[in-house]
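Both complexes shown next keep subunit A, but they swap its partner, so subunit B is in the first and subunit C is in the second.
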Partner chain A sequence: MTDQVSARVASVEQTAEWIELLRRDYEVVAPVKTGKTTSFRPLAEGLEVDWDYTITTIPASKTIYSPQETLVRFARTEEGYRAEEVVPEKRKRILFGVHPCDLHGTLVLERTFLGEMKDANYASLRANYLIVGLNCQSIGEKCFCASVGTGPFYGYWMGQGPPQGCDVLLTDLGGRFLVETFGVNGVRLLAGVEASPPTPDDIGEKLKREAAAKERFRKSLDTRDLPSLLRRNLNHPTWRITGEGRCLSCTNCTMVCPTCFCYDIWERVGLDLSVIERIRVWDSCQDERFAEVHGGNFRSTREARLRQFVCHKLSYWVEQFGCYGCVGCGRCMTWCPTGIDLAEIAAEIRADEERK
Partner chain B sequence: MNLQLPKEAVVIGTKAHPPDTKAFKLRLRNDNERLELRSGQFNMVGLPGFGEAPFTFSSPPQADGSFEHTIRAVGRLSKRLMRVEAGETLHVRGPFGTAWPLEQVKGRDLLVVAGGVGMIPLRPFLLEVFQKREEYGKVVVLFGARTPGELIYREEFDTWRRQPNTFLHLTVDDVPPGETWDGHTGVVTGLFSQMGIEPDNAAVLTCGPEIMMRFVARGLLLRRFPANRIYVSLERRMKCGTGHCGHCQLGPKFVCKDGPVFRYEELAGFPDTLL
Partner chain C sequence: MGKPRIGIFKYSCCAGCQFQLIYFIRHVAEILGAIDLVYGKMETESDAEDGPFDLALIEGAITEAEQADQLKRVRRNSKYLVAFGSCATNGGIPAMKNIQPELQIETRVYQDISRIHSVKTHPIYEYVKVDAQVRGCPAGERDLYELVISLLLDRKPNMVEHCVCVECKMKGNPCLLLTENLPCMGPVTNAGCGALCPSNGRACYSCWGPMSNANSMALAQKFEDMGLPPDEIIRRFSLFGFPTYEFHMVAGEEAARSSGGVFGR
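On to the complex of A and B.
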């Protein structure tokens, strides 16, 4: 019974009651309006889920993989320092209202951290979370998940998708929600919730809404043969023209990307030297020092760094992890101060090749 | 298992390699554990407060479980390590990465080309070959350094040369005042004319500055050495050793786990490398 996908329909009121119920046992981290934007925040009194949000600045995956965390603590002993494991706080959390681009983005990030070599900290943090997805009907100007294949409704994409990455999936049917559960945890989350089984009309409404959402996309990425297209064009002039002419090396693109995993390690030394903490902080391939070694820097130019970002997401990633590193959320181009757009770069390269 | 949690390693001996390099013999503090290392792999070696960096092993696996790192002072951590003495503790994580292809090159003639501290990762390979000398063909080592004084492990050269069918050719870029040198001067590829090794049954192993490996690999390709039997060991910035921190990426490769030892042909066509 528990592994099956099951669906039911809940009214807006029943859904609100359900969230209140969840908050008794979990910290519910959900999209809430914060000024002009929407961010994932723990729901508290007076904060309401922003059901119609388009995209958050910081992706859902980065709620789990935070900008800074302590990995190891060195405690002073008579002989020197003893390394101690830092086990992240155990806390039951629900990441709520996550759009399909971010559901897939989280799974993509986890191909790095939970792959062949596991990152113990991430694994431990991830174990705190259950995820409630929300099919997306609010398509933004920079959104192109439909052409990548990760959205706007949650499904299977490049070897990943339900039942992974999402325990409960909601679809707003207008005045009521279709509630689908995946696996044991999904069923458990819905325990004690009043809801009725979906009618064929409800299922039909979901399909209709998915089709309508797909019609609203204004942006696309042509993924045909994309990894090898880029590999054939590592010397294309756009890397220089766009990289040197427009990129500011601000690292915004990588800070807002749901799949970017790169980090740096710092050590925080207490003034009395009794404790030294080894912490990790997000790092960026767009930072000038990222690929620096003694005696040289393998990516000293913005041209090389921009090429690394775009080719990693759209080409190398497929070889490394079997999927794209881009889920089509559009954040990198939204937050680029000079509007550098990896889909436009890919399109430019394709157009040039087709002209030849 | 937490791959970020280092193990304590006690320094049981050190040896200075002037002017700026020092070897550390280490063993894990916990007697019940040992590092299952292979020549060519590396450890992340750290000193709390000074950080952590990748260093290859400079000795092959030892029966007693000890291991060696030979480190040149170039950065904040490595400069501080020069002051570490026997009895002190370092924190290590590893071993990580790929190893020299000791099995795959059995029966072949071996051309080993080292530049400067590039000899450090190649030394354990050579010592393992010497332990089973009859399993390999001719061994030719070409070793170049900036100055005679930087020809690291020169105290071992006589022993190496006494191995059967083994030849060592040296070159230096420059002879500073006060040092004497009656050998070859110039870049290491200048020794190709005297290497006396045919490409047909040869394998090449090289480590040194990337620009040196470029000229070594390309020079040997022109001499008909096959690209799938040229092995290079690369250096990149690394923070984790586990393919997570992203710094070491070269095209689709993570140098920390897909390397540091690569077949030259694996790396063809990638940007951001001098190869």
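On to the complex of A and C.
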């Protein structure tokens, strides 16, 4: 269906009306200013879309894949315990104003959850959502999506295209929006919206703005031969120096990563023991207990855990899923209390190898 | 199995954890029917302090030799022994005094110290094997609940053992360290409180004590880079959990210095 592409141009007022129209039928989850940061929140009266945001703390993909969800419920009956599968509630939602790095973050996460093995819970949560992307023109200090090919504008990616995982794509052209729709869902979302077809000037403006956005990057990641570069340097001193000297094992990097999928399974038991819920909760490879197994812990040092994070995102992921586990959103380094930066680590290792 | 027999013992502390337990029991009627409270100075009139117990809950830190002897006896009379609250778990507030020489502290508080037999503050794990820890000041409800359930099911409790940052991120809180430049102890502090303070815009002050193997030195360095003076940094790492190795690596140096110890400064 993704070959059905159409485009039109909407004024700021028309766009605002369109959002109001969407809110009648959907819960619209959009980037909203929350103090000094921006977060994805359901739009309600008095909340406005933050059109110029750089990056939210929690990624769009983790609006879908939430911190905690119930998988199975066991209830005591007279014949013993009966298991009931918990199906996530059906709700019509739109994830609105998602930047290309996050659109890709969702696609990468889905290589895990909807790849060879289908995660039924994620699949039914995902079915609740339609996604409206927003091409990004506010490049932050830590952004490097252009280096890994996931932004700042949404386009072809690793042979996929036109864009998947996005039903409508907006581009701010200054006082008006270019609105591109992909597939039947995109067309349906735009039903009843008054907008004119784009002129060649509008398309030219989009290309101009994309080129200008690319000029604004202050950060980059050299991806030449990167997966094997890291594999060759699993004993580089930086793992120990950065790991022991700066890493707090606080797990912030993985919590805010759009592609981190690890979870732990807990059981929540009612005090009268009549109901037992099996829940899944986000987990992190940076937590000391993560690799604790019978007989020991195979990543007991911070050095090993930091290496796992960086090498998984930039090396092992490629073998595992055929793409990088990093979409260049820069969240891990932004929310690391001590500013550990995986692009800097990769650059340091590259520089050391080139010096030899 | 009959109802599990529980004993509650109090050492040096404010007794807030016992109040928390009473509060908890009052509000969860099912518990009262499920357990048999055999001994607890504040809860029962019983003098059955030698049990035997299925579970001994220990509140407070050890600050006298006599308490240590008693604690060892409790351990021998109990199937499971659980540290209940910050003082028992990590030394808590009473361990703040460890930063200065004992005699100095005693004379600051008491005019006549001839009847004072106090020693430095110790978490109970330094004297007996501890089967589980219910952290918190006062002891946290989530872990207490997990303890009761685990006792009823006779399974190993699954306590919260990650740091406070995890709970902040799960709630979508902005990071106070990075957005407000506040000296938040969240990255080194054991969670379970639901990130109570950071969710209300206040920096974590580590009342649950350190997360296991927390990298306190790296956070202390971060505080220093933020412009926090050394005594402020030491205060944050000695308010709770001073005797733990995680916090001692930061605050212990100061203790040694003030007693003219190994650093000889």
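In this text, the second predicted complex is superposed on the first by the 345 of 356 C-alpha atoms of A that agree within 3 Å, B and C clash if a C-alpha of one lies under 4 Å from a C-alpha of the other, contacts with A are read in each partner's own complex, and residues count from 1 in each chain.
Convention: contacts are C-beta pairs under 8 Å (C-beta built on N, C-alpha and C of every residue); 3 or more make two chains touch, one makes a residue touch a chain.
Everything numeric in this text was worked out from a predicted model, so none of it was measured.
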Partner chain(s) touched by A:Q68 [first = subunit B, second = subunit C, both, neither]: second
Comparing the two partners subunit B and subunit C, which touches a greater set of residues in subunit A: B
Touched partner set for A:L271, first subunit B, second subunit C, both or neither: second
Partner chain(s) touched by A:G35 [first = subunit B, second = subunit C, both, neither]: second
Partner chain in contact with A:I58 - subunit B first, subunit C second, else both or neither: second
First (subunit B), second (subunit C), both or neither touched by A:R307: first
Partner chain(s) touched by A:K206 [first = subunit B, second = subunit C, both, neither]: neither
Shared subunit A contacts, counted only where both subunit B and subunit C touch the same residue: 267, 269, 273
Contact set on subunit A toward subunit B in their complex: 71-72, 74, 79-83, 85, 112-113, 115-121, 231, 234-235, 261-265, 267, 269, 273, 276, 278, 280, 283, 285, 290-296, 298-299, 304, 307-308, 311-312, 315-317, 319-320
Residues of subunit C defined as touching subunit A within the complex: 28, 30-31, 34, 145, 148-149, 152-153, 158, 161-163, 165-166, 169-170, 172, 174-175, 177-180, 186-188, 211-215, 218-219, 221-222
Touch list for subunit B against partner subunit A, complex: 1-8, 48-52, 74-75, 88-89, 91, 209-210, 235-237, 239-240, 242-247, 249-252, 254, 257, 269-273
Interface residues, subunit A side, partner subunit C - complex: 34-37, 39, 57-58, 67-68, 244-252, 255-256, 266-267, 269, 271-273, 282, 284, 287-289, 302, 334-335, 337-338
